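Here's a structure for you.
Each chain carries a letter (A, B, C and D) given by its place in the written order, and its residues are counted from 1.
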Amino acid sequence: MSGASFFGDMLQTITERGRQLLALAPFGGDAPRPSLEQLCERLLGGNGEASGMALASLILERWRSLDGPEQAAFMTMLLERFGADESRLDAAIDAHRAKPSADTVRALHAAAEPRRQEIIRRLNLAPEGVGQLVRMREALLRMLPERPELAAVDADFAHLFGSWFNRGFLVLKPVDWATPANVLEKIIRYEAVHEIKDWDELRRRVQPVDRRCFAFFHPRLPDEPLIFVEVALTTSIAATISDVLDEDRAQIRAEDATTAVFYSISNCQEGLRGVSFGNFLIKQVVADLRRDLPKLSTFVTLSPMPGFAAWLARQRAAERPDLLDPAERAQLAPLDDPAWDRNPDAVEELQPALCRAAATYLLRARNPAGLAADPVARFHLGNGARLERINFLGDRSPRGLRQAHGMMVNYLYDLSDIEKNHEAFIGRGEVIASPAVQRLAPTTRASQPRSVRPEHAA
Amino acid sequence: MSGASFFGDMLQTITERGRQLLALAPFGGDAPRPSLEQLCERLLGGNGEASGMALASLILERWRSLDGPEQAAFMTMLLERFGADESRLDAAIDAHRAKPSADTVRALHAAAEPRRQEIIRRLNLAPEGVGQLVRMREALLRMLPERPELAAVDADFAHLFGSWFNRGFLVLKPVDWATPANVLEKIIRYEAVHEIKDWDELRRRVQPVDRRCFAFFHPRLPDEPLIFVEVALTTSIAATISDVLDEDRAQIRAEDATTAVFYSISNCQEGLRGVSFGNFLIKQVVADLRRDLPKLSTFVTLSPMPGFAAWLARQRAAERPDLLDPAERAQLAPLDDPAWDRNPDAVEELQPALCRAAATYLLRARNPAGLAADPVARFHLGNGARLERINFLGDRSPRGLRQAHGMMVNYLYDLSDIEKNHEAFIGRGEVIASPAVQRLAPTTRASQPRSVRPEHAA
Amino acid sequence: MSGASFFGDMLQTITERGRQLLALAPFGGDAPRPSLEQLCERLLGGNGEASGMALASLILERWRSLDGPEQAAFMTMLLERFGADESRLDAAIDAHRAKPSADTVRALHAAAEPRRQEIIRRLNLAPEGVGQLVRMREALLRMLPERPELAAVDADFAHLFGSWFNRGFLVLKPVDWATPANVLEKIIRYEAVHEIKDWDELRRRVQPVDRRCFAFFHPRLPDEPLIFVEVALTTSIAATISDVLDEDRAQIRAEDATTAVFYSISNCQEGLRGVSFGNFLIKQVVADLRRDLPKLSTFVTLSPMPGFAAWLARQRAAERPDLLDPAERAQLAPLDDPAWDRNPDAVEELQPALCRAAATYLLRARNPAGLAADPVARFHLGNGARLERINFLGDRSPRGLRQAHGMMVNYLYDLSDIEKNHEAFIGRGEVIASPAVQRLAPTTRASQPRSVRPEHAA
Amino acid sequence: MSGASFFGDMLQTITERGRQLLALAPFGGDAPRPSLEQLCERLLGGNGEASGMALASLILERWRSLDGPEQAAFMTMLLERFGADESRLDAAIDAHRAKPSADTVRALHAAAEPRRQEIIRRLNLAPEGVGQLVRMREALLRMLPERPELAAVDADFAHLFGSWFNRGFLVLKPVDWATPANVLEKIIRYEAVHEIKDWDELRRRVQPVDRRCFAFFHPRLPDEPLIFVEVALTTSIAATISDVLDEDRAQIRAEDATTAVFYSISNCQEGLRGVSFGNFLIKQVVADLRRDLPKLSTFVTLSPMPGFAAWLARQRAAERPDLLDPAERAQLAPLDDPAWDRNPDAVEELQPALCRAAATYLLRARNPAGLAADPVARFHLGNGARLERINFLGDRSPRGLRQAHGMMVNYLYDLSDIEKNHEAFIGRGEVIASPAVQRLAPTTRASQPRSVRPEHAA
């Protein structure tokens, strides 16, 4: 509160003066109100330095009052009017071609930087600028499908955010029942994997001594978790999500836990899409838990397989499926009953077939780029985890059944193998899996993936 | 401490594993120790992602153990081996020339970015990476005079620091007698204008209710002030530094103060040279003080004139000085007595002449770029302050006498005029001064400066 | 968490050693388990000092495992075995009677102190001892109706708590949406005046800029509010609770508020009954709000009249009511319809009569001790507030209708009159009321109260 | 600062109103200024409740302006005017004698409580009251030698402080180089055992990783350490203070330490004399260090023997010393040379004799009460430590030579024996010592001490 009123005060002071001189007065006054483009030019101009904060605040204030089409027009203006200076760029290219050197490269790099990058940096001068810029990109991302040309503007945001939200600037904090409510409500809102219905359920996830939650924060966005992970401390590897979330489960003492189950990882800020935190988060939480609870020896996820059902549907529908033989296909027929999971016979019949199909999917299915087809698998395998176990009916929720016929996966993080697994996956395309999983899908590999980097977590 | 041990733990965990695989083991082992260049390549490589923090820590650890020539060699390696990829850059230029578009510019910009920028970003992954990178640039800046070609490397550090230390990420904090000692000792060490001899003197500057000190901090460098300003709360505009620093001065209640005198501004981090904070610091402190002490109405500096004595010596030595007429030159003769300030006759004689000369220097002397010759004047005038008063024998310290024959200056920050003054100075080269100062040097302007931006504070 | 594990560790260390020596081992071992009485003796004994913390923890641990009758037996033991040492007391009386002096009084005072007071002090040595002692007294208070003899033990708790929870040791903190959830859930739980149904309603009371909440905390009970007050910032004196709590009310800017309405004050710790905080809380919140929002000029409550309906029922039922004349009695007849508040005719008819009756009740009804009959009135008038306004149908909730036929009261805190009003009420029994309220019940005072102190807030 | 201005504001608000009504206006006004006695009566009176904080502040403000004799007069007034109410006390005695019960004891206890105890509690209402009360008792303690009758007043302060500064309310904090300067300067000031000359020496004691310092704080006195202990982490039991304090000593990594040497314990608040903290401090620091550094296995002091030289002088001067035989006396003759410690022959000759004498002193010398003669020995033995080793020339400072001929002692805290040792010392008067120390003074015990509690730490 004090901080807010402070900034308010300063803004009142500085902005009003700046507005008077610059004829920015929002109401009244003879001078025509300057356009956003003019304001952006002033923000960039050496001339405006004394009122940089005032200008930045004013532009952001105006931005917030725009409707959707106007915001898109603002972005188009950034694209068209605040790209690189073409004549300067041409000159830099000529100079470089004439006699290349570190200096000509530097000049070229500077000349090729779109002017809007500096606009974004200067908008950050405004109080709470960084949070507003994240929300601005959120809006921009929503425009992209309709206006793909704005990808160039998005690239500038992404570039700066990658630098600003570098892991070196982030802070890991435990989230528990003593965490401020305005942070906790965001945990409720952003939980993307296993919905949190209300405050009571939230409390069951963060208050018990055998439940933990950790989030990364940026120091200038103290109320905004960037990504968080929920952890269950247990004495064995959880096979189903209800083992973890059941209200009536038996609670254990944290000191008695041997296993940490990471059962949910959620990104919070759509505006930071493409800035990867998950890798660092998991590893830092592993290190943190090991230090506090030396008896913990197993670190494992309980993860969804979001692409499994769609892939399996395609295999079953294909005339000549590459990864499903006719016998397997036949065994999967009970899936056509939408209520199969409540039919004991169907369940019994499907168990071996679904487990085999899931193993095949994870070990051999590839996306067009030649990568593991499942995005969650790509994330954890790329981090160096091992595909440890496939769990039949691990998630009986409607979403779990719809997306993956209820299957869940454990990925194991063994710090002694992380680097080796990572190299194998990224360098040679191998999916490192436990013997049990390998036995489920013993045939020769159908396709060999190429070296790649994982794209996104889930 | 807890943070440190946490990171230590994590590093132990992750680094050791990473080292084993990567054959980085510092002692023993059969594999040859990889070179720093190899480590940097691995840090950049997609392959090393799982061990990015370990690699970054290892590189920084090695860097700290290098001697001066080895550090210079490291920088030269960054220059020569981690510039832009030339063939990629050539291709990007060709593509742009063939059919220019926002996309070809973006590709060009990316291709022209030296690879060492990404190395610097990834080194920031290491615990306390940002502080070590600042110190790394400090070392680099010391190399530059001997190795001007490293300016290209320095430009990359400067570019990233400008973005990371954007004012939007900084926090203003009061520095007082309840501030941690490890911060206060840095105030002692970094005070660049009026030396702080010991802890007792420090206490006199930060503890009394009519003395204030404020600093900017970066959230990830909580023990390192970036820049600080010392303020005296008074009932009139201080004319001499001893008015401010005298041990026996009469203390007043903060609520009774009408005037805030900014008598010292010091940058703390040589490694952040060129990242400008001073402008924002002064304005935010003005806003802060106004809020807390509504009776404060005058905000003024008590500043040195570091270039005055040298300029005056040149004028006096010149055959045909451009800004000193023969009568004035004659009046300044007593300056040749090095102890003139203790000779009442000399003092009386010199007062009018030195005041006139000082006014001339501030109003009309220009540096080769056509700017105000005095760097402190450039800073405050560029911020929109007004040259308010010239103070004879304001600083009788040896340094004050040597640099400026004891003269000091008050610059006035009047928020209603800041923008106008700034425009006048930057846009039209006018030095805005009080009538009293203008009267001291009434002749027509000798030279017209061009529009410029101030370079550095003092 | 760190604190907890630290204490746990220390306890493990110290308690285990202590237990071994003292043969306190909870499981196994040959020695018979010492009784709680023996443990208390040891706690008092000089002999046990080295293990004071261990003993205190052990006693509290045992206490928590007792069932109700056992806890009552423990209290009876404190009463019977740990009173004053009678022979020592007799000797002290004799010495005092022989030759009274400051020293004999001191000896008498010491001898008359029940030994259980020192037990309570030493139980406070245990980690989190103070919180457990508060809960211990809570249990004791529940026993009192059945075991009035334990009042002597309760007096010892009350005496020490009065000293420990002295206002000088308390900290006022704002409670808002950035307050930790474990504190906020206590606000929900302890709200005694206008129930908070869920987290959404809580948020409406603490998050909007024109709603405030403040609580007193003891530094050693950081998660436990002791008492809290809810405040609405408005532009006029609220007359009904729905003005304040309505979900769809128009929100105002805090800076525009002229009036602070204290609409709910709740004590949180039954175990601290009799330790009065409310007086200090209101005055400190008034001071705090005045400082932050200088435009606030009116500080007023919106209070219930919890005893009104019962009093009025007695008056209406009495053969010869002292404060209700027959005409008034007749006008109140529509009250017999339990749904009168939804009947416009009844409402119109009752308004003047109920307002007159309420004014009579507040101005003239006395309890047996000669004090204002209404406990809330006693609290605010005793604090120096003025009875400002009576609000017809200010609270249409079932409880409001049941307790006070929906009437509410505004008490005004005018700092310039607080002391005068307080003196008038406490010293001379006068109820200071606004002219408007006085006009409602103009007859001569029926009874003159005697000087008193208010007992409890509401 | 914010807190201060807040309280200032509130006081301004409340105090001024209170003063007006109570005719307390410090300047001007017709009413005569009330005496401190009148103010104290009002503070006690139910009548003054609304202005309790104002009155308390006013009394404390007046107190601060009193000179020494006036302060003594104030204390005498508390003694004479604010003792117990004698007629009430007499009545309570009569009632008790007539029919004793828990209730008559309770009434007696209440009646025997001097009214000044309630005054002290109410003075605590003032902002920063508790700190001022501690300083008030400091002044009172200085008066006692001249005015022994004030001991009764002192007893009231001591009684309340014992309750308020109960260990359960205190917080242990590490003191290091990141501690606020206003706390650190108090460490410099209060260090009572081995003087800290300046900030550089302070830094050497708190900044290195193998040096630690811990202090107890009261939450309402955050800038005032109550007691602190300095610890050296080492790999062996330090025998001399220069081992610990030498500027050029080799620093070790904290993780490599096996031994924690407590080389200085200092009480900070003379006003809290008699409230014992040292026992708890040492044990909590032991627990804290064990948790952070599991390799630590030995916890030992390096302590002075402040009474040794005086005791030895008496023995040597006595005609028939009880604990010094003629042969020993002869061997001690070189002590008569004041510079013996710089004479190698004298040093060699004295070493065995002084070690024997020191062991005799510690094991057998008794004070008049039959306790160990040395106050530091009494403290540590009473805490359950063992007398581990006697160190010849452990402290060559002038004070060390003067007080103890340079001898120092190690007391060992072994948590498994603490309770047993404590019992032996307190219960049976045995000094538990290592075999090595016992061998130094093998004769039969000269005197048998009685059970006692230690009085004060050193």
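The rule we apply is simple: contacts are C-beta pairs under 8 Å (C-beta built on N, C-alpha and C of every residue); 3 or more make two chains touch, one makes a residue touch a chain.
What you see is a predicted model, and the numbers here were worked out from it, not measured in a lab.
Chemist: How short can a path of touching chains from chain B to chain C be, counted in steps?
Modeler: The distance in steps between these two chains is 2.
Chemist: Would you pick out the chains that touch chain C and also touch chain D?
Modeler: Under the touch definition, chain C and chain D have no mutual neighbours whatsoever.
Chemist: More contacting C-beta pairs: B-D or A-B?
Modeler: Of A-B and B-D, more C-beta pairs in contact link A-B.
Chemist: Return the chain whose centre of C-alpha atoms lies at maximal distance from the corresponding centre of chain C.
Modeler: B
Chemist: Could you put a whole-Å number on the gap between the CA centroids of chain A and chain D?
Modeler: Computed value for the inter-centroid distance: 57 Å.
Chemist: Hey, how far is the Cα centre of chain B from the one of chain D, in Å?
Modeler: Result: the chain centres lie 49 Å from each other.
Chemist: Please report how many Å separate the Cα centroid of chain A from that of chain B, as a whole number.
Modeler: Their C-alpha centroids are separated by 37 Å.
Chemist: Spell out, as numbers or ranges, the residues of chain B touching 2 or more other chains.
Modeler: Within chain B, no residue touches at least two other chains.
Chemist: With touch defined as at the top, which chains are paired up in contact here?
Modeler: A-B, A-C, B-D, C-D
Chemist: Quick check on the complex: what are the chain C residues that touch chain D?
Modeler: Against chain D, the touching part of chain C is residues 5-6, 9-10, 13-14, 17-18, 21-22, 46-47, 49-51, 53, 79, 83-84, 86, 89, 93, 96-97, 100, 102-103, 105-106, 108-109, 112-114, 121, 124-126, 129-130, 149, 152, 155, 160, 162-164, 166-169, 171, 219-220, 279-280, 283-284, 286-288, 290-291, 382-384, 415-416, 418-420, 422-423, 426-427, 451, 453.
Chemist: Quick check: in the complex, which residue numbers of chain D touch chain B?
Modeler: Checking each residue of chain D against chain B gives 1, 5, 174, 176-182, 184, 198-199, 203, 207, 223.
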